[in-house]
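Both of the next two complexes hold subunit A, though its partner changes from subunit B to subunit C.
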Partner chain A sequence: MGYVLTTKQANEIFAELSTQYRLFAPKTFGNEGRYSDTGCVRYGEVTCVEDITFDKKSEYSFKEAILPVMQTLFYFTEREVTEPKVDDKKTMIFLRSCDIHAVKRLDEMYYKNGPKDYYYSLLRDNVKFVLIGCEQSFENCFCVSMGTNTTDHYDFSFCKAHDTYEINLKNTEFISLFEKVNASVMEVKVPFVTENDVKVQIPDGLKAKVTSSTIWDEYDSRCIACGRCNFVCPTCTCFTMQDMYYTDNGKVGERRRVWASCMVDGFTDVAGGGSYRKNYGQRMRFKLLHKVYDFKQRNGFHMCIGCGRCDDVCPEYISFSNCINKLPEALKEVDQL
Partner chain B sequence: MIKNDYIPFSSKILEVIKHTEIEFTFRMEYTADAKPGQFFEVSMPKYGEAPISISGIGENFVDLTIRKVGKVTDEVFEHYTGESLFLRGPYGNGFDVLDYESKEVIVVAGGTGLSPVRGVVEYFYNNPDKCESMTLISGFKSPDDILFSADLEKWKENMEVILTVDSAEEGSRYKTGLVTTYIPKLQIKDKNNVAVVVVGPPAMMRFSVKAFLDLGIAEENIWISQERKMCCGLGKCGHCKIGDVYVCLDGPVFNYVKGKELID
Partner chain C sequence: MDINTKKLKKNAFRVTKVRGYTASRIRVPGGHLDVKFLPKIQEIADKFGNGTIHITSRQGFEIPGIPFEKMPEVNLALQSLIEGLEINQDAMNEGYPAAGTRNITACIGNKVCPFACYQTTAFAKRIEKAVFPHDLHFKVALTGCPNDCAKVRMHDFGIMGMTLPQLDPSRCIDCKACVNACKKKSVGALKTENYRPVRNEEKCIGCGECVLNCPNMAWTRSEEKYYRLTLLGRTGKKNPRLGEDFIKWVDEDSIIKIILNTYKYVTAYIDPRAPGGKEHIGYIVDRTGFDEFKKWAMEGVNLPKAAEVTDRIYWSGIKY
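== the complex of A and B ==
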């Protein structure tokens, strides 16, 4: 079912939703951008439609709404362990088609790879998804190649059209919300991207043998192992456990998990000084093959969703999509060995 | 409600066995199931968790042999009070001794690699009729680094034990040389009825496996155990991922047919 809302109606709906939900959407944080005098578009809580940035790709993904950068697992006081209290409010996330596909990847890891994750479930089980349509492809996007440019998995869509907002309602539990504000009923088509400037083709018959190709070597010096690509990626799920205690009372502290990056030093360190993948090129290879090869081997679909955020954020202008397109060459090289 | 797998339980330290200055076995109270080669996440609040493999299993205990080489283990040595440690687990697949039964079993362990396989050796020591023969090659850096010396002495009763150190002072009573020196000299009756288990540092495993392949032992008759930094043990944190495998879920024990494909 479709609706068209005025800004006033939209904000009445936001006010109504805010009583039950924490609304997460892409927002511009002034002067926090990567260049001087620019804003950073990332996820934050919103209370009105004007808070949402519709016309840009968010530099960081939605994932921190269900997978916080830092999450306390429990507090300890001497021998006692206490779990943190969870907010009673449910979560509603405004996100684009590719990111809805990313949720499936996060679910695969946290619900299915090994036992169901307790802390992920606490936040994820009550999430509603609101789709933001894409009028056109942004820079570095390659969602069409990854098959993530369209989706049906959302509760309702919310797209800005000049000075109105267009809604396509999927989940009927929200009908009353729109009826209450007397929203005009109208057929609404959600805009989806049908072509990107950037295209990738993951070669058929890709195999683990490409590990030994020399295509990875250029990244030894180009990459600086800053890990930004991992932190902006909506499908990266790794974390590290950390214990910390409060300095003014050494007997009280907490154990938490914090996002980790397979590109950054220390990721593979084992006790006694050993580590794996010392060369940055090999880390690039590990990350790339996870995204477009071995995740699929294990779970049946690719991990990468083609949002291109890794390319947007890389300070060394390394292009992930460009590297994917080198795979046929790599395959040819290792087949000749 | 889903179980919270991250909350550790407190386990009483029953005994501390000191092997060397930096390697102690903590005998921990534990009564549920566990297999050799599996591991626990051992922690002391404030200092963090470390994955430690099971080095012995008894009716009411598991042995965890801890080496003082990392952030957490340093603190365990420094601060354990003799009362308890926190544990989560056991995690991982562990060794399946049934795979090795009625075969010529050869276990090669490098340094602390002896801890995870100790349960396998112990099984065939206690059940000598369940294997064709049992050989253990156990290598350490120097005589001061030898672990489980009482066991090594005891096991000699009904199996061949080759204890070697990388180097020792002249006149030492120990054999010297890397474990790989002794592999080609093994007396193997039937190449097709052998089960080889190799555990140790990466280079030691690589060269040991190669030595067995050179002897004509098939890949499917070789097992290895991988050491990685497992933060969660639950297939989530990603630190132990190699290719399409999570060492904490699918390993740490791998048959070499799969193990050879694991490129870090």
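== the complex of A and C ==
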């Protein structure tokens, strides 16, 4: 079922939704780019359609709405442990097709990889997903190669078409929302990308032996191990724990989990002083093969969704997709060993 | 040959070692210009000069080998450059109205450079508009960040861009990129406490390395643009020295006001017998004492809340 909304109608719907949901969408943070006089598109809470940035890819992904950078798990005093209050409002996330595929990866990790993760469920269980269509591919996108360019898994779509907004409704629970504002009913087709400039070909016969290739070595010097690629990635799920004791009373505090990056120093530190993958090229190897090889071995589909955010953000202009395309060469090399 | 050398110097020409020949200096405030102006510079050099130009140390162009008698024609030819580069002028077609206050120089700034905290050329042009033309010997330079590529500490007024870093602790993942960058590339104003960076406000020089190196946008730049204003550095024979810090976290309006106030101060106190009417401001301050200078300079200046003013400056430098 489809609707077309005027801006006024769309904002009436946003107002209505805001009573029950916190709306997360890509928005422009005007002065918050790394460089002076630059902005940054990333996820934040929105209250009206004008807040949403439709025409750019967000530098950071939607994942921080359900997998916060820092999540307090509980507060502890000497005798008691209390959980933080969870917002009564549900969450609605505006995101693109590739990112909806990323949700599947996050769910795989936190719902299915061992017991269901309680803290993830707290935020994730009641999330609604609103699809933003893609009129065209952005720079560095390779969703078509990864098969993430189309999706049916959304509650409704919300696409900007000149001065109107087009809705394709999947979840009938929201029918009244659109009927209430007298939205004009119309057949609406969600735009999906069918071709990207960047294409990758993950070799069929990829095997673990490829770890011993020399293709990783160039990243020893090119990579600076900053971790930007992990933090912008919608499918990176690693975290570390922090027990923080309040300074005025060292016996009380909180336990948090915080994003961790396999590219950043300290990720592999273990008790006794051990640390692994000290070379940055080996970190690149570990990350890349996790995204396009061993995750699939376990779960049946690739972890990487081809959003290209890692390429967009890398200050050293290292391209993940370019590295994927070196795999056939790497395979050939290790086969000769 | 009868030439008024005082007049020609004021007109941005100079007396050269070749008798009868002069050179014309074209000022380019902020050191950045549209290439559409280059053909005119080439034309003047070809037609009136010796077909060469010198890129001056103050980011202008100097056209040498011009016979004195060609000066009026050169001034006519310069008109489109003077207008195009928006140089204040008293009378059209008569060239530059003054040369004492030198071209305002600037590093490339945030047009290109990732480190720069502001648009250096735009601010340079704003200062140029406020102070030029003036016969007093003032040197002003701007640089985008505390790296000071423009060497502003060797000028009367040195302006360095700063940003007041803002931390969103909820985005920090304790990777220590900021702490390490600050320690290795800057002043080591950050340390980790309870898994978060803590900024030593006294030490911080506002360079923005923390913002540049933060992989998760936990550090961002302040909405307001801030500057460090350094005072009365100089080159020269007598006592070359680096400018010292006057105000940290100062704003654009205050800087312009302080420079304009200094013109009044110098007019009141310059040595009336100074050779060529030219005396570095620093020597005047050495004579009147810093407190007297400061009284004049700060007249009517409304500093931003964050501003830290040095009580009294003592310069060092080379003495013979």
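In this text, the second predicted complex is superposed on the first by the 334 of 337 C-alpha atoms of A that agree within 3 Å, B and C clash if a C-alpha of one lies under 4 Å from a C-alpha of the other, contacts with A are read in each partner's own complex, and residues count from 1 in each chain.
The definition used in the following text is that a residue touches a chain if its C-beta (ideal position, glycine included) is under 8 Å from a C-beta of that chain, and two chains touch if they have at least 3 such contacts.
Computed from a prediction, not measured in an experiment: that's the story for all the values here.
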{"item": "Contacts of A:247 with subunit B and subunit C, given as first, second, both or neither", "value": "second"}
{"item": "Subunit B versus subunit C as contact partner of A:186, first or second or both or neither", "value": "neither"}
{"item": "Touched partner set for A:231, first subunit B, second subunit C, both or neither", "value": "second"}
{"item": "In the superposition, subunit B vs subunit C on subunit A residues touched", "value": "B"}
{"item": "First, second, both or neither for A:86, with subunit B first and subunit C second", "value": "neither"}
{"item": "First, second, both or neither for A:15, with subunit B first and subunit C second", "value": "neither"}
{"item": "Partner chain in contact with A:260 - subunit B first, subunit C second, else both or neither", "value": "both"}
{"item": "Which of subunit B and subunit C A:73 touches, first, second, both or neither", "value": "first"}
{"item": "Partner chain(s) touched by A:175 [first = subunit B, second = subunit C, both, neither]", "value": "neither"}
{"item": "Shared contact residues on subunit A - subunit B and subunit C", "value": "242, 244-245, 260"}
{"item": "Complex interface listing, subunit B residues touching subunit A", "value": "2-8, 10, 43, 45-50, 67, 69-73, 201-202, 227-229, 231-232, 234-239, 241, 243-244, 246, 248-249, 261, 263-264"}
{"item": "Footprint of subunit A on subunit C - complex, ascending", "value": "110, 114, 116-119, 161, 163, 169-177, 193-195, 208, 211-217, 220-221, 223, 225"}
{"item": "Of all residues in subunit A, those that touch subunit B in their complex", "value": "73-74, 76, 79, 81, 83, 109-110, 113-119, 121, 208, 211, 237-245, 250, 253, 255, 257, 260, 262, 267-274, 276-277, 282, 286, 289-290, 294-295, 297-298"}
{"item": "Sites on subunit A touched by subunit C in the complex", "value": "29, 31-32, 34-37, 40, 42, 60, 68-70, 226-228, 231, 242, 244-245, 247, 258-261, 264-266"}
